[in-house]
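Below you'll find the structures, each written out as structure tokens.
Each of the next two complexes has chain A plus one more chain, namely chain B in the first and chain C in the second.
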Partner chain A sequence: MKTTANIAFRNLSRQKKRTFLLGGAIAFGVMIVTLINGFAGAFSANVAENFSHLLAGHIFISGSEKLEGNDELSVIRDDAALQEAVKASGIDVRYMTRRSEFSGTLIFEGKKLRTNVAGVELDKELYLRQRLVLKEGSWDNMSQSQAIILSEKTAARLGVLVGDRILVQTQTVYGQNNVGELTVAGISYDSGILGQMVSYASLAYCNELIGLAPGEYQSMGILTASLKDADKAADILYAKLAESVSMFERQAKDENGAVTPFQRMVREQTKEEWAGVRYRLATINEMLSQVQQIVVALDTAAAVILVVLFLIIMVGIANTFSMVMFERIREIGTMRAMGVQRGGVRAMFLFEALFLAIGGAVAGIVLALIIMGAISLINFGMDSPAFIILKNGHLSFFLPPAKALLNIAIIAALSLVAVARPASNAARLDPAVALRTQK
Partner chain B sequence: MGIVELTDLHKNYQLGKVEVPAVKGVSFSIEKGDFISIAGPSGSGKTTILNMIGLVDKPSSGEVLIEGKPTSALSDAELTRMRHQSLGFIFQSFNLIPVLNVWENIEFPLLLGQSRVSKEEKADWIDHLIDEVGLADWRMHKPNELSGGQRQRVAIARALVTRPLIVLADEPTANLDSATGEQIIELMKKINRELSTTFIFSTHDAKIVDIADHIIRLRDGLVTENYRRPESDRAGSVGGGSA
Partner chain C sequence: MKRIVCAVMAFVVVSTAVYAQDAKKILAELDAVQDFSGKDFSALYTIVSQKPGEKDSVTQARMFRRDNKDQFAMIILLPEVNKGQGYLREDDKVWFYDPTSRKFSFSSIKESIQDSEAKGSDLTLRSTADDYDVTSVREGLLGKVPVWILDLKAKTTEVPYERVVLYVRKDRTMLLKEEAYSVSGRLMRTTLYPKYVELDGKMLPSQILIVDELNPGERSQMTMTEQSVETLPDRVFTKAFLEQVNK
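And then the complex of A and B:
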């Protein structure tokens, strides 16, 4: 078998141009697929990481109070029990944030725009300051109690500049209409969809507008040491919280293994009958479950490309090896005469195709890694419209080694299938006929 | 009983709808250590008979016995095994494996099947054969770096490496100039004497026929002469004997 493999390997060098073209086609296909896999691999992590910084956390705890008439009030009035549970859980916390949020209409010189306003403690949210790059204005302006930071697009729609005063119309948590006044402290670069959707004001003024008392808030964000460990940390924290406070059930998989979309789960829980105060714990991954669907779609597209490309390459391999059989017919006859069994001839063809496929696939992966490395060196900037899929302004890739190995295995298997027929034909050759054949 | 026995051997080829007889009932016996020439013009059936003795082709009827063992009922795998164990082949076009060097080409048959011989013994034997065929300085060269005569020497060493009972050579000198051809035949004769290996070769070169101990002449698929030279009259070298 070693001899057969050795000859098969050396046979690849006999028609260098042909080997190069066929191997090159395999390499190209694998390179494309690897690039998509690499992009998809980093996509969900980058999106989750960026969202977690904008939303200030990997794990979120929000409070709900049941009012009369089954209405629900979103508030955390006293977080002592929550703080205690976080401490007792022993999870690695980088920092914790408190936020309130409302949906309202911003009004400036007759122009109206509906948006979400997050009330934040800007002196504590250092990560948000890093992610949100200001185009105009300054973070220092945010020390004014009624300051607001708008995204570039929001500001343009309203036609406001830094220093302009705008009206805000919203409802308190109890459903009463309320109006306030905000001063534009800064205009941030447009950071994707989320940047356009959310404006930032101070937590204290936000609470005032929505009718919460000072010290109260709606959502606690916990940024753990690493996004990867967030789900595990959430499990531990949830168990700890459940010991001291009443908790909503967490996202669960159904019998088919499918996860209920986060928003749907929240809607369903709202309809349930309960009383008092309850807390909901969710992770960024659960909230962004739709991002996972994009990753699945990208991976599916990569798999389809892989199969289509390789069906075409398979035809090339099958034709080439049929030609190879005729080119080496006397050689096959000689080997058979010397005592090589049919299986040996077949194995020689299969080995040759296998080496070609593995060589091409490895070259394709190496090429893809080089391209990924080169692309990831480009700095698109924190103000890029594609900010949400970038990692610190760079497009990043992550290729799970198992996926790369799986791609090589698929190519190898398909090549073996493609060459099976010519290999079988070569093995079945009558040695006398093969030796008689004049090339 | 001879080392090879052919009994009423027939071989027909199908050419479209027509069946063409190539061998029409041939019987003869070959003794161990024979240096036998199957001579005849083109199309007389030399190569067909050689292929049937070499178990690469099956007769349409009749029987080929190798060391008294009938071969017509053997499976492809058994025939292949028997070829490997008992037969060596030398071809007109040398048929070396182009990706292997001289040493590896000679080694190749030893790597097929199972062997109880140690690596060192194998290497010594290959080196001995390379020296014997005069290619000591060429052992690492690929076939395309050798002359026709050198390639045929490699083929001879390769045919002998498994120490076969019989070496079959199909027109071994046809692609060589006459001087090189004579050297090749001398070499085969020397090995025949030293190792008592039976050599069966097909040729239509009269000079080469002269050196054979046993001559089978064919015409139109039939034996026209089966002449065994008396011991006293056997040639030591090319041109040294008489027919």
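And then the complex of A and C:
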């Protein structure tokens, strides 16, 4: 068997150009598929990490208070019990945030634009300062109580500059109309879709506009040491919170994956009855679980590309090995005359195809890794429109080793299938007929 | 001197008490004008909205009310793209029906009607006396017409505006102007009632002009026609009715 493998390996180098072209085709296909796999591997982690910084947390706790007439109010009035539970849970908390948010219309000199305004404690949200890069203005301007930071696109659509006074029309949490005045303290680079959707004001003024008392807020964000540990930390925290406050039951993703666990929890909530404030806990992964569907779609596309490319390459391999069989017909006759069995001839062809496939696949993966490395060196900047899928301004890749091995195995198997027929034909040759054959 | 001060103070106290009495009576009369309890009320409303730099938009809606059961239904007839959309009030819930998706969703009476300045609450029965406290009453002139100027503060968060100022004709209880203020105290919209029509012995505003005070140049004119107090079938106030009119 070793001799057969050696002969097969040597045969590959006899026609260097042909081997290089066939191996190159395999390598190209594998490279494309590996690049897609690598991008998908890092995509969901990057999106979740970026959202967690903009939303200020990996784990979120929000309160729902039942009012008369079955209305609900989103509020956390006293977070002492929540703070206590976080402390008692022992989870590794990097920092905690308190936010309120409203949807309102910004009005400036006859122009208006609907947007979400997040009320944040800017002195405590240091990560927001790092993530939200200001194009104009200064974070120091945010010390004014009625200051607001707008994204570049929002500011352009309203035609405002730093220092301009704008009106904001919104509703209180009870549904009453309210109007506030805000001063543009800064204009940030557009950080993806989310950056355009959200403007930032102080928590105290946001509360005043939506009718919440000082000290109250709507959502607590907890940034854990690592996104990977967030789900485990959430489980521990949920159990601890359930001991001291009333909690909504956490939900799993629905069967078809169209509804996130967070959306399911909110839906289930409408069917429930409770008094006072009940809390809900969700992780960034639960809120963004639909991102996983994009990853699945990317991986499926990669698999389809792999199969289509290799169906084409298989035809090429099958034809080439049919030709090889014809070229080596007298050699096969000599080998058979010298006592090599049919299985030996078949194995020689199959080994040759296997070496070609593995060589091409490994070359493809190496090429893909080099390209990934080169692309990840490019700094797109924190102000890139694709910010949300970047890692610190760089496109990042993660190729799960198992996926790479699976791709090699698929290609090896397909190559063996493609060569099976020429190999069988070669094995079935009558030695006398083969030796007599004139090319 | 003391006697003069006492006399002035007594006059102020008595006149304030009289004004407060008058104010309550005025609010009760205003509420009574729009209350059709015991009867059904329906009308066709045409809302023409003006926005600077945009073409005027026309919204037409047919509204049905049964006040003693607090029932309300409204069907959008224009614009064509929104035709068939409907609102239904069932108990405390307000449903919005979308004929495209054939689904009902929660809405609010405080929401604007089709992006106009008019809100659902402008068309439903509301009790100003129940919802607001009178904080001050004074006499004044609106143009050349003598009016009572009533400053009202919301008793509840159920109403869309925290403070409203009503200008009510003195010789006949007719609301001529209404100013609505935000929670922060900024004037948000002014509503004028220039034309009235008589229905079932009551004077109802047939033309309403709503001016957006935050967005200069934005206004809506609401005209009421085909008003009637004829009895409506019960099915009008059901979800099935909103679905049926779209078939």
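The working rule: the second predicted complex is superposed on the first by the 425 of 439 C-alpha atoms of A that agree within 3 Å, B and C clash if a C-alpha of one lies under 4 Å from a C-alpha of the other, contacts with A are read in each partner's own complex, and residues count from 1 in each chain.
To be clear about the criterion, contacts are C-beta pairs under 8 Å (C-beta built on N, C-alpha and C of every residue); 3 or more make two chains touch, one makes a residue touch a chain.
Computed from a predicted model, the values in this text were never measured in an experiment.
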item	value
Chain A as common anchor, with chain B and chain C clashing or fitting	fit
Which superposed partner A:334 touches (first chain B, second chain C, both, neither)	first
Partner contacting more residues of chain A (chain B vs chain C)	B
Centroid geometry (CA): angle chain B/chain A/chain C, rounded to a multiple of 10 degrees	150
Which superposed partner A:112 touches (first chain B, second chain C, both, neither)	second
First (chain B), second (chain C), both or neither touched by A:20	neither
Chain B versus chain C as contact partner of A:176, first or second or both or neither	second
Touched partner set for A:167, first chain B, second chain C, both or neither	second
Contacts of A:326 with chain B and chain C, given as first, second, both or neither	neither
Distance of closest approach, chain C and chain B, by C-alpha atoms in Å	72
Shared chain A contacts, counted only where both chain B and chain C touch the same residue	none
Touching residues (chain side chain B, partner chain A) in the complex	47, 51, 54, 56-57, 76-77, 80-81, 83-85, 89, 91, 93, 95, 97-100, 108-109, 111-113, 158, 162
Complex contacts: residues of chain A adjacent to chain B	2-3, 7, 10-11, 13-14, 330-331, 333-342, 344, 430-432, 435-436
Complex interface listing, chain A residues touching chain C	69-70, 107, 110, 112, 167, 169, 171-172, 174-180, 208-209, 211
Complex contact set, residues of chain C against chain A	52, 92, 108, 110, 154, 157-162, 180, 182-184, 186, 188, 214-217
